[in-house]
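Below you'll find a set of structures to go through.
Okay, so chain A shows up in both of these, paired with chain B first and chain C after.
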Partner chain A sequence: MEIIRTENLTHRYGIGTPFEKTALDGVNISVREGEYVGVIGQTGSGKSTLISHLNAILKPTEGKVFVDGADLWSENKARRIETRFKVGLVFQYPEYQLFEETVYKDIAFGPKNMKLDEAEIDRRVRESLRFVGMGEDCLDKSPFDLSGGQKRRIAIAGVMALEPKVLILDEPAAGLDPKGRDEILSRIRDYHKETGSTVLLVSHSMEDIANNADSIIVMEGGRVRMHETVDAVFERADELIAMGLDIPQITKVFIDLREKGYDVRTDIYTIETAKREILSKLTGGASRD
Partner chain B sequence: MNILETHNLSFSYPGGEGREPVPVLKNIDLAVEEGSFVAVLGHNGCGKSTLAKLFNGILKPTGGTVTALGMDTADENNLLDIRKNVGMVFQNPDNQLIATVVEEDVAFALENLSVPHDEMERRVTEALEIVDMLPFRKHAPHRLSGGQKQRVAVAGILAMKPKCIILDEPTAMLDPKGRREVMRTIRRLNREEGVTVLLITHYMDEAVQADRILVMNEGKILLDGTPREVFANVGLLQSVALDVPQSADLMFALRQYDIKVPISILDDMECTQVLIDLLEGKFGDYSDRKFDA
Partner chain C sequence: MIKDITLGQYFPGASPIHKLDPRTKVLLTILYIVSLFVIRGGWGYFVSAAMMFVIIALSRIPFGVVLRGIKPILFVLLFTATFNLIYGTGTPIFEDVSWLGWLTWNGLRNAVFMAVRIILLVIGTSFMTYTTSPIMLTGAMESLLAPLKWVKVPVHELSMMMTIALRFIPTLVDETDKIISAQKARGADFETGNIFRRAKALVPILIPLIISAFRRAEELADAMECRCYHGGNDRTRYKVFHFAARDALAALVMTGQLALIIFLNVVT
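Take a look at the complex of A and B:
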């Protein structure tokens, strides 16, 4: 079932000023419920503008956005609000948005605004905390006493507590070390598996996206250039490089091998698949075509 | 000549009321040669940034000594000279620019040092030229991209004509294009301008560009060597939660099957060549082996 659809979505900033810029240009995407989608593209390609439309932070200049079949800008106000709660958006560096006195209050802020009862809020706070891998002993602490990585996890928990059907994260691993990055990404992966919700992950790291997502949306100059499975996108590595995107080193090596006449797969972006491919070629004999 | 040196350096942050101090660096002996390009790797909390701040006297050692250009950082009288010669660039580009025009930002330190106007003009132009930002000298910093802002921050340091520049994760908040721009600038500074570079980073592809890599773990130096030497220790690096370049990782994975490929391969061209040699049988015949991958 389709959870997100955009029709000819266009957004122009600064209309009528010398700085007018078309940030999104006729974007049509369709995302299935439960899909894990990676969104990639250079800075200025329209990624952030696109996701800001998905929970109505920005209003389209032209075109429409549908979530769960309902128009985000429908005339019916009650329906509009209900639809917007279905999409949770985690901004870049979300730890800067923490503001409450305790971790508990901060995570509970969203559910409270949804006018849920105390027991339900409590359940959601504890469950979200578990999703991000933090112990309940931090609930009474000030969020400002936590480490950077922990703060970020609390901020993500605050959005998870809305129990959105679609969770969108803008560069959730930016600025973290490899350990912190793996931790956050594996938590999001578990959350996706356990809740069956739809996840959109915006990232500059092709490796992170390749290791997590089912499909990839590639943006360039305000347009969607590709929206395909991870394997299909990586097969077009030349185009990705031409767009200034970084592809994993190992993918480059296998493309290079293929160009030099070796019969190897080129949809390789992890060490595990690279190793298997080489081992199978060694026992099958290297064949040149 | 060594431009930065530590002798038996230890550092602890005060623990707050009634609490024990928190040890961060433990008995470090280190020397950085003038003109070299050194990368420092290690996960968050290993003491990398603390080490950087000790080198230009932002922090003072709690044990042992730190010298920059032969001057002890613990002596207040040396600080101005040290800071003129050991410049720092931090992670967040938005926290480092203060003026409303690029050239004024680059000139900021020079004004504080009372450099004469003509000299200041010349140095600002030269610094912006090195970081490829001269066409932007009259622009407003807040309208620049992250990579451009970082290069302006680097120019602000360069204008002081430092002997050494320390960069603490300068590309962590940048996109791939911005990262490439900043790395190009850093290599140029080192190779063409002869500035000593100490680069703290989480990115392995950046670290392999250095002459020497220091890997820190729990306040100590775990590994110290050329990129090739350091990334030969794939197992050890992964055990302290650090990445290795994918090509080195693949070699390590193949060697687990007793396949005799070289230990440490860093760039993709080299990796392709090793795999070709392997497939052509130069590292032995594996055709009758059973691999349970």
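Take a look at the complex of A and C:
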């Protein structure tokens, strides 16, 4: 079933000023329920602008946004605000939005706004804390005493606690060390598996997306250039490179092998498939030329 | 959104107005404001408004931007005009309609003049910031206030503080927008409820904002220290201001405007 759809979605910033800028230009996307979608594109390609439309933070200049079949901007305001609980959005650098005295209270901010009862709020706080892999001992600490990576996980938990049908994360791994990055990405993957909810993960790095996503939306200059399965997107790796996107190391290795004359596939982006491809070539007796 | 505030905003450009020495612009803005308060009659306002139109045209700043600058003061404008209208004295406009007796020619005149004066005042002052970058503006301030150094006023340090403050306005506005969006995404509601509820709703915005302002301040202080910054007398400027022919011309035009207004005051 389709959960999110945009029709000819266009957004211009600073209309009527010398800084007018078309950040989105006729975007049509459709996301199925339960799908894990990667959104990739260079900085400034319109990724953040696109996702801010999906929970009615930004109003389209033109076009429509449908969530669960309902046109967001033809509904009344109260209904529109409801969709914020249906589509949970984690902005870039979410650790800068923490404000409460304790981690517990900060995660509870969203559920409280939903007017849930205390017991339910408590359950959600603990559950989302578990999803981001933090121990309950941090619940009474001040969020400002945590490390950068921990703060970010708390902020993500604050949105997971809304238990949204769709979880959208804008560059959740930006600025973290490799270990912190892998940790966050695998937590999100587990969350997706366990809850079965729809996930949109925005990144400018293929490596973050390739291993997790079912399909990929590639953006360039405010337009959607591709929206296909991961395999189909990687078959067009040369186009990705031309767009200035960095592709996974392992894919580069196979493209180089191909150029050197080895008859190998180039749509390879995980170590596992790489291993299988090499083994099959070796046992199959592939050789130069 | 909060971004719609244009007051204090700079629109880069290469128009004759942009190219004026910032010191000229500061002084002539003051002169323009003075001239607004000298005006006594309709012709004076006409001259002042015409002057403003010429400046707008020369600066190539879209008229829409100028109009949007007036929006925030619309309330003050209506308020002032209404009061002038109600408290007018003299002959009523409709002498035979008794319930409209309070509406006088004199009140109407005052209301219109006062509105025009406020509008010109706001446009005039915002034009200085529209066409001058904040750095240039504080440079001009420092240069104009230099004589105060003799009485031990830390002019350089003050202007440095002002430069930094101005420089960070857009950054903090951006930041505020982001924080508001992030809290909205968690269902925060800033628009309903009584005044206490609304004030309380600001906490999730203000705390992250203040924390980030402190963080930025610390980072900036470190960066300045690393570059061995110190205020004081021996600093030279990277960009040295020079008065040019166009500055003389602008000063001449503006003084001419004031002279014309005074002349109109005398003859009418």
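Throughout what follows, the second predicted complex is superposed on the first by the 279 of 289 C-alpha atoms of A that agree within 3 Å, B and C clash if a C-alpha of one lies under 4 Å from a C-alpha of the other, contacts with A are read in each partner's own complex, and residues count from 1 in each chain.
One rule holds in what follows: a contact is a pair of C-beta atoms (placed from the backbone, for glycine too) under 8 Å apart; a residue touches a chain by one contact, two chains touch by 3 or more.
All values reported here derive from a predicted model rather than from experimental measurement.
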Partner chain(s) touched by A:89 [first = chain B, second = chain C, both, neither]: second
Chain B versus chain C as contact partner of A:1, first or second or both or neither: neither
Touched partner set for A:262, first chain B, second chain C, both or neither: first
Residue contacts with chain A in the superposition, chain B compared against chain C: B
First, second, both or neither for A:119, with chain B first and chain C second: neither
Chain B versus chain C as contact partner of A:175, first or second or both or neither: first
Contacts of A:18 with chain B and chain C, given as first, second, both or neither: second
Contacts of A:282 with chain B and chain C, given as first, second, both or neither: first
Residue numbers on chain C that touch chain A, as the complex places them: 3, 11-13, 61-62, 64-65, 68, 175, 178-179, 181-189, 203-204, 207-208, 211-212
Of all residues in chain A, those that touch chain C in their complex: 14, 16-18, 52, 55, 57, 81, 84-85, 88-91, 94, 96-99, 109-110, 113-114, 144, 158-159, 162
Interfacial residue positions of chain A with respect to chain B in the complex: 42-44, 147-149, 174-180, 204, 244-246, 248-250, 252-253, 256-257, 260, 262, 271-272, 274-276, 278-286
Contacting residues of chain B [partner chain A, same complex]: 43-45, 91, 145-146, 169, 172-173, 175-178, 202, 205, 241-243, 245-247, 249-250, 253-254, 257, 259, 268-269, 271-272, 275-276, 278-281, 286-291, 293
